[in-house]
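Letters are used for the chains, namely A, B, C, D and E, taken in the order the chains are written, and counting of residues starts over at 1 for each.
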Amino acid sequence: MGPIALLILTIAAILFSAGGILVSKFLVRGSVNAQKGQPYECGIPAEGSPWNQFNVGYYLFALLFLIFDVELIFVYPWAVVVKKVGWMALVEIAIFFFILFTGFLYAHKKGALKWM
Amino acid sequence: MAFLKQYISEIYQAVSSLLKGMKTTGSYFVRPKEIITQQYPDNRADMKIPERFRGEVVMTHDENNEHACTGCTACELACPNATIKIVTKFDTTPEGKKKKALDTFVYHLELCTMCNLCVEACPTSAIKMAQTFEHSVYDRSQLLKKLNKPGSKLRAGVE
Amino acid sequence: MYRETKILNVDSKVSPIGGDLEGAVGADEGELVINVGPQHPATHGVLHLVITLQGETIQKVEPHLGYIHRSIEKMCESLSYRQFIYVTSRMDYLSAHINNHGCALCVEKGLQLEIPPRAQVIRVLMDELTRIASHELWWGAMAMDLGAFTPFFYAFRERETINDIMEETCGARLTMNYMVPGGVMYDIHPNFQKRVKDFIQLFNNKIDEYDDLVTNNIIFQNRTKGVGILSAADAISYGCTGPVARGSGVTCDIRKLYPYEVYDKVAFDEIIETAGDSYARYLVRIKELRQSVRIIEQLIDNIPDGDFQAKTKAVLKLPRGEFYSRIETARGEFGVYIVSEGGTTPYRIKFRSPGFSNLSALDHMSRGSKIGDLMAIMGTLDLVIPDIDR
Amino acid sequence: MTNGEIKQHIVTVRPNGVFDETGEWLQVQVDISEWKTFAQWLRNDALQMDFLFCLTGIDWSATATGKTLLTMVYHFTSTVFRHTLVVKVKLDRNNPEIETVSDIWRTAEFHEREVFDLFGVKFLHHPDLRRLVLTDDFEGYPLRKDFEDPINMIKL
Amino acid sequence: MFSLENITDSSQKWLYATFNSTIALVLQCVIVMLLVISLFAVLGLVLVLMERKVAARMQIRLGPNRVGPKGMLQTAADTLKLMMKEGLTPDGADKFLFNLAPFVVMIAGMLIMAPIAFAKGFQIWDINIGVLYVSAVSSVSVIGILMAGWASNNKYSLLGAMRSGAQIVSYELSAGFSIVSIVVLAGSLQMSDIIASQQTGWWLFRGHIPAIIAFVIFIIAVTAETNRAPFDLAEAESELTAGFHTEYSGMKFALFFLAEYINIFIVCAIGATLFLGGWMPLHVGHWKGFNHVMDYIPSSLWFLGKTFFLIFLIMWFRWTFPRLRVDQLLSLEWKYLLPISMFNLLLITLIAIMGWHF
C-alpha cells in the first residue's frame, strides 16, 4: 500500500484504544474516595515518592546497548550485499566484530557487565 | 581452551536441564487423562464424603421423633467456643417426680470449629457430626440452630 | 455475642503525596523504602516487610507482625487441657497434627500418662503424612515464588491425596484435632493402610518428576545457590531450627535428639546440608520427603493391636509445676511450655513456634541480595504467618 | 552434662543461686543484678549454652504468693554438650526492667520484643524495643493476668 | 483454489473500477483499518484463551469451561468485565503520561503489522527494508512501558519499568544478530524476498546448525523482548506485584494486556517468516506427490500454523520455567547470547559465501 499504511495503522490503533476506553467510560459509574487515588503499596500508605534519585544499574546497560545497537545498524546494509561481495565481506565483518568484541571484553574486564 | 570447553559444557547442561523440564510439562499436555479437576457443583451427585467428616453437629432422632439427649450439659462444658447452649426444663414423670429434661438445644454453627469434643463428651450418643459442608447463608442469624426437633422427646430408657 | 471490630482510621496515617521531589521520609539519599505485604503475592499470608533498597540491593528488611495475632496463649489460659489442643491447629495450620501432638505430649508429661503402642504408631504415621503434605505445599509455593506456576498444581495433586486420607480417618482436611491427651481421638479407618500404601507408590514416582521440573533446573539452581547464606553459628544464635538450621549444617532434629513416641525404633536419616544457602535448605526438605516416606513404609504394616487411647479421667488436672515438650514440626522445633497451678486450666502457656525464630534471621540473611533473592530466601524459610503471630 | 554437673559448675560462679531439680531440667534462679554477667558466662564459659530456644515471662499476680511478681524464664540448650538449663529471673511487676541478652543470643531480639509487647517488661539496652504483634498505640499488656478487653474478650 | 491473494486483487480492481481513485483509496484505507482492528480483537481473544487452555492442560486442570462451548467465550466475558471496570488514575500520577502510555504500546504493536505477510500477496505494505523496520518499531513499545512505570508514582511500577527497559534493549541486540543472519542468507531486507528465497526449503533446515542456533537465540531473545516468563521481570508478580502496570485498571490495563499478546503474535510471525518460510508450504526434496498435497493447503493456514506453533513454544516456556533474577537475565544476554550470536553470524556468512547451504 505504501507509506500511507503507517498513517492508517496509527489511526487504527488510536481508534481501537480510545474506543475501548470511551466505551468503558460510558458503561462505568465510578465512585470517588480518598483511598482510591493512593498508590498501591501492599495496603500500607506509601511513604515518600518514587520520583527521587536512586541508584540502579540499568543506565550502564542502556549505554552499552546504545553502542552495540549503532554497530548493528551498520551490519544490516552489509548483510544484504554479502553474497555479491563475497570473501571481502567476511574479512571486513570479522575485523569489525573483532574491534567490537575487544571493546566488549574491555567493558567486561572493567566490570561494566556486573550487576550492581 | 579449557575455558571454552567449560563454557560449552555449561551451555549443554543448562539446555538439557531446561529440555527435561519441558518434557515433563509437555508430557502432561498430551495426556488429558491426568487432569484431576473436580467440577464441584456438577459432581455433587457422585461426590463421596467420608462418614467421619465433621460438617456440623446434629441430633439424631428416630422415627418416633425421639432423641437421646438428657440435657446433662456435658457437651456444653466440653465445647471450647461456647457453641452449644442447652436450655433445660422440668418434666414431671408419671410417678409425679420432677425431672430435668432438655427444652432446647441451641447450636451456634457460626462459632463452631468442628472439633468433635462435644460428640466425644456426650454420654448418651445423642449428637453426632453430619457430613454436610455447604453452610453458606446470606444472614448470620440463620446459622443459629435448634437441634432438637419440635415436639421431640427423650427416648425411653435413656438415662 | 458478636464482636465489634474497631475500624482503623486510615486517613490519619495517609501521607500527603503529589509532586514531592524532595526525597522519601526516613530514607537516606539513593535509598528506596518499599513495603512487601501484607497484601502481596509473595508473602503467603499477612506478613508485612519493610524493605530498604539501594538500587535493587536490599539494605535492611524489617518484619512487621501482628496482622493475624489472635492471642492464642491468652485464650488457652481459659481453656481446659482437653480443649486447648484444638486451637493449636490454627497456629501452624500446615502441620496441624504435629502441633496437636506436641500439646498432647506436654499434657501427658504432666499427667505421667503411658500411651498405648498402637496410638504411638498412629501418631507417628500421621505426623509424617502431615510433614509430607506440608513440604508439598512449600515446594509448590516456593516454585511459584520463583515464577514457575506449574509445580504448584503438581504439588497440590499429591497433597490432596493426603488430605483425602486424613479426611477419611480424622474427619477433617486441615485442622484435624485428632490427637487427644492419652492417644488419638478414634481408631484409624479400615481403608487407611491400603490408601497410604497406594499413595506412597504413587508418590515415589512423582518425586523424580519434581527433580526434573525444579531441582535440576538450571534457572532454579542459579536463583537459589549462594543466596541467603546462613552460617551454622548464626543459625544457632538466631534460634533457627528445622530444615533452615539443618541446611546450615546444624544437627537439630528433635526426632533424633530427644526421641518421642516410636521415633527411636524406626530407621531414618537426619538430613544435613552444609552450604547454608537457599538451595541447601531446599535440598533438605526434598530429601526429608523421602525420609518421611521411609518412616511410613516401616510403620504402615506394623501397627500394633490394642487401644488407641489411654484411659483418662473426664476432667484433666495437671499437678502443680512446669512442663515443657519439644516436637519436630515440618518447620522446626515446636515447644509447648505449660505452667500449672494444679487447676483444670493452664496458668500460663507458651508456644515456642519455629517460624518465629526462623523469621528473625531473615534480615541477616537477605542483606546485600536482590529483591528477587528475597523471594527465594522467604520461600526456603517456609514461613506460616499464623504460626509466627499466634 | 548431667543436671548435677551443671549445678556444680553454676555453684562455682553463683554460690547463692536457688536451684529447683524437680522438673525435667535443672532450674536456677538468679538475681536480676547478676543476670547479664551470668548470661555471658553461660554462653561463653564451661556450659556453652549457645541455643536459647525459649524465652518468656510469667505473671504470677493471680496467685496468692506473687501479687507483685513477674518472672522471666529462659530455656537454654547447648548444641555442644546437649544439656538443657532453665534460668529464671524475678522482676518487680510494677516496674519490670531487665538487661537484654539480644547481643548474646540474636534470637532474643524478637522474643524480648514479644515479651515487651505482651507483658510490658522493659529490656534495657535492647536495640529496637517496640511493640511486635500489637499496634503501636495499643494500651495494656494482654498476657498480664489483670488485662481486660471488654470488646474482644468473651467470658465463657 | 481458495486464496486470499485473489480476493484482495479482485476487490482492489473492483474498487478502482467503480469509484474514482481518491474515493477508492479512502475506501481501501477504511477496509484495511477495519481489518486490522478486527484482527487485533480476534487475536486478543484467541491468544488469551489459548494461553489459558495450554496452561490448564500442562497444569492438569481443565481451564475455562463455563462460558460458551468448552469455555470458548471466556475471554469475551473477561473483556466485558474489564470494560465494566473503573479505570483509576492515581492522584499523584503524571496524568498525561499515565494515559498516553497504553496508546504508545498499542501504536507500536499495530505499526509492526505493516510488513507482515499473512498469506501469499496479503501484506499491508511490503516495505523494502521490512526487517529493519520491524526491529526499529518494536523498540518503541519500551518507551510506552517506561512511560507507564514512571508516570504511575508507584515504586513497584518504577522498578518494573526500569528492569523492562534494560531487558528489552539488551535482548534486542541478539535478536537483531539472529535476524541479520537470515538476511545474509536471503540477501534482502524485504519480507517478500525473504519468503521467496525459501521456495526450495526453509532457512531453518537449509542453513545447517548455525541457522538452528540463530533460531534458538531468536526465540529466547523475543521471549525476553515481549516480557514473557521466564523473563517476565518487568511484571514479576512475586517481587513487584504487577510491575509496570500495577496502577492500571479497567480498559487501560486491558490494552497493556492485549498489547502483550499482540507482540507475541508479531514476533512469532516474524520468526515464522524468517526461519520457517512464512506462508510457504512445506516441501521435501523430490517427493512430488507430497509437495503437491502440501500446495493445496492455503498459504494463510501455513502462515498461521507456523506462527501458532511458535506461540505454543513460548507458552510452553512460560508454564515450565522459573523466573530469572535481574542480574542473571542480563548476564545471560551479555555473556552468552551476544557473543554466541556474533560468532554464529560469522559462521553463517561463511556458509552463505561458500554456498554451503542447500
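What we mean here is this: a contact is a pair of C-beta atoms (placed from the backbone, for glycine too) under 8 Å apart; a residue touches a chain by one contact, two chains touch by 3 or more.
Which chain is which protein? Per UniProt: A = NADH-quinone oxidoreductase subunit; B = NADH dehydrogenase; D = NADH-quinone oxidoreductase; E = NADH-quinone oxidoreductase subunit H.
Just so you know, these numbers come straight off a predicted model, no measurement behind them.
Chemist: Go through the assembly and pull out the chains touching chain B as well as chain E.
Modeler: C
Chemist: Per the definition at the top, count C-beta pairs in contact and tell me whether A-E or A-C has more.
Modeler: A-E
Chemist: Taking the mean of all protein CA atoms as the centre, name the chain whose own CA mean is closest to it.
Modeler: Chain C is the most central one.
Chemist: Roughly how far is chain B from chain D, centre to centre by C-alpha average, rounded to an integer in Å?
Modeler: Inter-chain centre distance comes to 41 Å.
Chemist: Express in whole angstrom the distance between the two chain centres, defined as the mean CA positions of chain C and chain E.
Modeler: Distance between chain centres: 44 Å.
Chemist: Quick check: how many Å separate the C-alpha centres of chain C and chain D?
Modeler: 25
Chemist: Residue numbers in chain D touching 2 or more other chains?
Modeler: Counting only residues that touch two or more other chains, chain D contributes 154, 156.
Chemist: For chain A, what residues touch not just one other chain but two or more?
Modeler: 38-39, 41-42, 46, 49-51, 56-57, 115, in rising order.
Chemist: Residues touching two or more other chains, restricted to chain C: which are they?
Modeler: Residues 17, 19, 32, 34, 40, 56, 150, 157, 213-214, 217, 219, 370 of chain C each touch two or more of the other chains.
Chemist: Across the complex, what residues on chain E touch chain A?
Modeler: Against chain A, the touching part of chain E is residues 25, 28-29, 32-33, 36-37, 40-41, 82-93, 102-103, 106-107, 109-111, 113-114, 124-125, 129, 131-132, 152-158, 162-163, 165-166, 169-170, 172-173, 176-177, 180-181, 183-184, 187-189, 241, 246-247, 250-252, 254-255, 326-327, 330-331, 334-335, 338-339, 342, 345-346, 349-350, 352-353.
Chemist: Write out the stretch or stretches of chain B touching chain C in their complex.
Modeler: Within the complex, chain B touches chain C at residues 13-14, 17-18, 20-21, 23-25, 36, 50, 52-54, 78-80, 108, 113-117, 120, 129, 140.
Chemist: In the complex of these two chains, what residues of chain D are touching chain C?
Modeler: 22-25, 27, 50-54, 56, 58-59, 62-63, 73, 75, 79, 82, 86, 105-107, 109-111, 114, 118, 131-135, 142-143, 147, 151-152, 154, 156
Chemist: Which stretch or stretches of chain A touch chain C in the complex?
Modeler: 34-35, 38-39, 41-57, 115-116
Chemist: Can you list the chain E residues touching chain B in their complex?
Modeler: 54, 57-62, 65, 316-317, 319-321, 336
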